[in-house]
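I'd like to ask some things about the structure below.
For reference, chains read A, B, C, D, E and F in written order, and residue numbers begin at 1 within each chain.
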Amino acid sequence: MSAWLEPEPYDWWPIVEDALAEDIGHGDVTSGCLSPDLLVDWHIEAQSEGFVCGVGIAEHLLGPYGSDPDQSAITAEKVDGDHVRRGDIVIQGRQLARRVMSAERTTLNFLMHLSGVATLTAQFVGKVQGTDAKIVDTRKTLPGLRALEKYAVRCGGGHNHRMGLYDGILVKDNHIAAAGSIRQAVEAIRSYASHMSKIEVECESLEDVQAAIEAGAEAVLLDNMDPFMMREAVQRFGDKCLIEASGGISLDTVAGVAKTGVALISVGQITHSAPALSFHLEIG
Amino acid sequence: MSAWLEPEPYDWWPIVEDALAEDIGHGDVTSGCLSPDLLVDWHIEAQSEGFVCGVGIAEHLLGPYGSDPDQSAITAEKVDGDHVRRGDIVIQGRQLARRVMSAERTTLNFLMHLSGVATLTAQFVGKVQGTDAKIVDTRKTLPGLRALEKYAVRCGGGHNHRMGLYDGILVKDNHIAAAGSIRQAVEAIRSYASHMSKIEVECESLEDVQAAIEAGAEAVLLDNMDPFMMREAVQRFGDKCLIEASGGISLDTVAGVAKTGVALISVGQITHSAPALSFHLEIG
Amino acid sequence: MSAWLEPEPYDWWPIVEDALAEDIGHGDVTSGCLSPDLLVDWHIEAQSEGFVCGVGIAEHLLGPYGSDPDQSAITAEKVDGDHVRRGDIVIQGRQLARRVMSAERTTLNFLMHLSGVATLTAQFVGKVQGTDAKIVDTRKTLPGLRALEKYAVRCGGGHNHRMGLYDGILVKDNHIAAAGSIRQAVEAIRSYASHMSKIEVECESLEDVQAAIEAGAEAVLLDNMDPFMMREAVQRFGDKCLIEASGGISLDTVAGVAKTGVALISVGQITHSAPALSFHLEIG
Amino acid sequence: MSAWLEPEPYDWWPIVEDALAEDIGHGDVTSGCLSPDLLVDWHIEAQSEGFVCGVGIAEHLLGPYGSDPDQSAITAEKVDGDHVRRGDIVIQGRQLARRVMSAERTTLNFLMHLSGVATLTAQFVGKVQGTDAKIVDTRKTLPGLRALEKYAVRCGGGHNHRMGLYDGILVKDNHIAAAGSIRQAVEAIRSYASHMSKIEVECESLEDVQAAIEAGAEAVLLDNMDPFMMREAVQRFGDKCLIEASGGISLDTVAGVAKTGVALISVGQITHSAPALSFHLEIG
Amino acid sequence: MSAWLEPEPYDWWPIVEDALAEDIGHGDVTSGCLSPDLLVDWHIEAQSEGFVCGVGIAEHLLGPYGSDPDQSAITAEKVDGDHVRRGDIVIQGRQLARRVMSAERTTLNFLMHLSGVATLTAQFVGKVQGTDAKIVDTRKTLPGLRALEKYAVRCGGGHNHRMGLYDGILVKDNHIAAAGSIRQAVEAIRSYASHMSKIEVECESLEDVQAAIEAGAEAVLLDNMDPFMMREAVQRFGDKCLIEASGGISLDTVAGVAKTGVALISVGQITHSAPALSFHLEIG
Amino acid sequence: MSAWLEPEPYDWWPIVEDALAEDIGHGDVTSGCLSPDLLVDWHIEAQSEGFVCGVGIAEHLLGPYGSDPDQSAITAEKVDGDHVRRGDIVIQGRQLARRVMSAERTTLNFLMHLSGVATLTAQFVGKVQGTDAKIVDTRKTLPGLRALEKYAVRCGGGHNHRMGLYDGILVKDNHIAAAGSIRQAVEAIRSYASHMSKIEVECESLEDVQAAIEAGAEAVLLDNMDPFMMREAVQRFGDKCLIEASGGISLDTVAGVAKTGVALISVGQITHSAPALSFHLEIG
């Protein structure tokens, strides 16, 4: 059984290998003191409560490899998206000591960060339980880690917005200003964009929402609106397009936003400011 | 004048270009609605107080390029390591609208994360002011961003520990267990390591410290010791080797640790859990 | 003025540089006979009638570079998407002879293939003139050239379908068979896909179309249906979702398909089987 | 037994992996609806008559991989260079459904294009049967695909000209003009080129051929000559150097050219304008 | 058992693969004449006396691979660092003939160069036997091969200086001149460098050595000093810092330098001018 | 005027950049002590007599760059292939101190090695002066540096053999043994190889030479033959094919070999064992 939550991201492998190379560079000077044949039993344990993400990466970095698969083994006790409590063993195995020592930090760096993202996401998701709102991520991700962070958001029960500027259209105020009006911006985009792409428009007023819908937008982003205006937007336009709330929404305020009836609440904090969830690796 | 704090990290350029490519992919579908010749004035403004890091990256992503340098311009109002207050303009310029729109998010993602690291570091540094202790970073960094995060630590007034497994030697409990003793581990390493590398040994007791010094270690890391034991370590061994405190040290506890007289306090949190510092880019 | 049709594809540069390296390898053995300082006037001329695509690439491969811009020059007489007749000069300039000789073939290989795609697309577009049908491309592209070929389709007046498996959802018969039913496949995808993505379902009967719409599909692909069934699909479902016709449509049959009222007609042939449009480069 | 025609091209693997990545990007959104463990039987069938090329690539993209080879299997029913008729099964196997769905299009894109090249080449080869002329390719190939296209030419019974500017010398009119004369150009090249390289000179008249041979050329390319002049060139110089005919030679005219006695006929069309040969992949 | 001397360098694999690609390019034209299934027995034999280095690389290039490990085999008779005499078999195996023929030259190129470095190093090491001096390498290495050459130095009994500008600090005369004095240069570096890095200062006089030690340097490099001055430096400062001799030291002079009591003697010649040690590969 | 000998190798730039990155890694720790704005005058001086190669690389590593070309300058006093005496200035300029310090070693490593190859080649060329023999290189080059070393051979007055396995055909004893006979090996290769490639056969006897010529070989390599047999080979076959002598030829024996009348003498030593030619860089 895979330790990944479906669908597994594609092509995470080079990111993980590059991170290992970033740490080892021309060689792990300290681990040269270990006998090259020494095998050890190891396990990774959670040190706080949260949601785990990165188990498949740990399998890659610490699992069997090369020509003698008998000497090493690995067993995932948790899979991505599982809840963990302090003291839970996440994954364990048997491996060459020097391989464990050289890959330990890189493994934990992924596990701690991605589990941190999943855990903070899950906290937001918990706050909106009982409403129809979904928590979605943003493009406010850490450089080079977007695909993995967006995967971690799903492990925490959140949903994904577009991956980047290439796979979704979000018309912002600056686009509108430059194009002349919401209608002109949307029409310009329609003229060349794929029919498979939805168009979302950032709105600062109910008039904007109206204009966006008339121009054919399939979704609107309510930017920093107060809950009263959000509720009105939902009442007037909720059956005509997807409505997303955005802008500085915190764990304290998210429940109130959700109750306005918006379909989507996007939160930058879950990727740009998630504190790490602690894990450690023990040998023996 | 360079917007980087000296010494500027080497080869940050591909990391930044890859992050831009991660966001734009096969193309920015939305910005196609902007006239290709439209020039705009833009500036980036701090939205909270802290220490800025990433201005040189912003210059790279938003600055003049190509064959017609006259049409674009850029001016850094702050340089890396500067203190900023809410509302301060960090950098401003004139550039093609579509270039600004396509690079905005990547620029801010670097600026917000690196400034977050610098700012949290500065908070730790502030807590130990008046002591001789230096705040140093760890290898608990976000995958792919280590060199930039360690640079951000310096922008916040902190100092750097080793960059990776290749440029420093830190003998941990698992190395010692596998090698048989501190002496045996250190001797094994001395037999092949460069004379330019210092050897640091992770110690869990004063006996360990004693053994490490006798084996020739130039630094010891006191792992999760209580302040009383740290103080005793400093008193007995502070003139014989560098003493570093480590292990779960927080903003609440760091001052107490510093007062024990340790030379170095390493803090994983400043890189693995720094919340972003907010900035936004405005046009017009 | 840019020689590219807006929006210009992103990151075409490495594809072009790699193609040049593929041709030159460790060095152009023949061009070593040319004096390194010899400058020549050159121009590229169309040898058949069609629509040009690749002028921006020619500018990159043959244009000014390095520290002495005075010695070279380049002028695009046509821009991508322009109609050309036999004998028309597309682009001309002055450049080092050995640079022209080394880059000539690579330049023409791009220009001939991309203009071939644009020209064949334009022929299909011409056949459906007067109807509401748009000609769209497929994923049946030549390996490594998809972004450029899809750009060429736009230069010929066509429109783009999804770029790849990552930026659009098309549920095929095998997905449906594996998932159990159209409803189950669409629901599974909705549970994890971004709200920004439309879902299209491949349909082999009107019952399939009905089921797809009930499951929430925003578009349907009528796979190898005869025109009568297509027309009925349009009449019954044309106001509920986008309707795309696909499957072996040729220059002979496309007009008939368009008259059924479908919104989109996808044609693999315009990318996988477009004959090159001839151009040659002359010196002097 | 290998599915490749000997000698197999070297280092085709990254081209194929890059093409797969071009299609999948950050992930196959649709295939996420398939159960990760679902295995299916699949086969690829020819939809037209021709010569197959790309079976080894199909083996790579759809064959067994990873740690559990038992669950997947693959059997090539045809090898590269084989003749196929509509309905022939080319290759079949058992594999994870999501892997088949994600790799299907990339596999077919290679197979259809390379088989198209092989098939068109075979048509030219058929036209010159009974003469001594060989059909050879040119550098008019699609960017990034040259080594594979030249391999496909061999699968269709053709022969390869130089691979690029680095492994063969062909002196063209512009080189001659710049060097002053055929003799001067050839002498300049001889002074630095490896003794392992033959020199071929592009000739527009019999005087050129004479001059080329006197300068030591080992081959001449008759550029756009009429058959009468070609025949005379063969009669006068055919025992002194290799004679290649080139320039706009089509399926209609190639037999006449071959009858002039030239040793080689180079045809750009077989690589730059070969229509795809149709195949489809079926599951179940 | 590994054929590498511990600790094995990290990430040598791409260097070796790139070298193979450098030789094979688009394909080994000659080896196409060999039957693809032909297996041969092969062995590599030393043709001169010396110390071997590169056996692990030979295992990689000529050893079992792919899905049928039964048909190939490899046995290292010597490991890196072993002494070899003319006629000694270093490594032998059974492998596809075409694989052996295509990889033979690349394998031998590594083996001959690295063994050359190990052998010349061993000659220097032999000359200083009976003293406390260690032979160390420099940064005068061949571009792209530094990590492997420094590994070869260890195989010959030498020791490694810093790997590059990033993992060690060596203050040279130009740094001192620019900074104003030894003290100022060292202080500037201390202010930002990691506490894990030792500082070495290049000295041209005993006053320089004195100043370096006062500034806190942990090592000094005596640049081109005569043995009398070296001896005095050792006597006055040998207990205060590591002393390294450097500058044009040859096999003739190294013993005299060692007798001065310096701890380290760095020799550029062992990497920049080591003649190859001869090996050949035989089949059958 | 270019500092390169024509024709300049293509794509040497990444090799040089990679070598710089190999040395600088995450940053030059020492050069951080230099003021970022400090400009210095520098020059590179020969320390021994020989032939220079690598001046174009020095221009790249130390020359003007970036947006302010006024502050830096560079002047090549010698070009590749020039003879130098001890004390000759090869190249000089004005540049930022930290850039000079960081690039100095990489620049000299290229210059010293490539000039070493050129100088040793020139010594061989000198020994055969007055004969018709050309000195040619082999594939016994240092991994990753082949194109530059073969360029250096030309700078020393030598000539190039094939670049790799892809651009020339050399049938060796093992090929012949596997194919059955010289005739069979050559015929197999002719059946698929390009008509642009010459075929050379390694011969151990005059019978081999005879067989090679009958099979159509255009060149033969006399492997380790004594001069008498070489002379006989030249007399009997010198007008029928190119004759190359090879195998352990040294500065002592090369003149004797040349006098036998062979056209080519290949020498592995000029690339695999050339001692560095000394240069140093001075500032101020």
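In this section, a contact is a pair of C-beta atoms (placed from the backbone, for glycine too) under 8 Å apart; a residue touches a chain by one contact, two chains touch by 3 or more.
Only a predicted model underlies this, so the values are computations on that prediction, with no experimental measurement involved.
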{"item": "Listed chain pair A-D, B-F or B-E that repeats interface A-C [over half of contact pairs the same by residue number]", "value": "B-E"}
{"item": "Proportion of interface numbers common to chain B and chain E (over half same, under half different)", "value": "same"}
{"item": "Whole-Å gap separating chain E and chain F, where each centre is the average of the chain's CA atoms", "value": "23"}
{"item": "Computed distance of Cα centres, chain C from chain B, in Å", "value": "45"}
{"item": "Euclidean distance of C-alpha centroids - chain D vs chain F, Å", "value": "33"}
{"item": "Chain C and chain E, separation of their C-alpha mean positions in angstrom", "value": "52"}
{"item": "Residues within chain D bordering two or more other chains", "value": "6-7, 10, 24-29, 31-32, 163, 166-169, 192-193, 197"}
{"item": "Chain C - residues contacting chain F, complex", "value": "21, 24-29, 31-32, 36, 67"}
{"item": "Contacting residues of chain F [partner chain C, same complex]", "value": "2, 6-11, 64, 69, 147, 163"}
{"item": "Chain C residues touching chain D - in the complex, by the definition given at the top", "value": "15-16, 18-19, 22-35, 38, 40, 97, 100-102, 105-106, 108-110, 112-113, 116, 139-146, 163-172, 174-175, 177-179, 185, 188-189, 192-193, 197, 268-269, 272-273, 275-276, 283-284"}
{"item": "Partner chain B, residues of chain E touching it in the complex", "value": "6-7, 10, 134, 136, 154, 159-163, 166-169, 192-198, 200, 219, 242, 244, 263-264"}
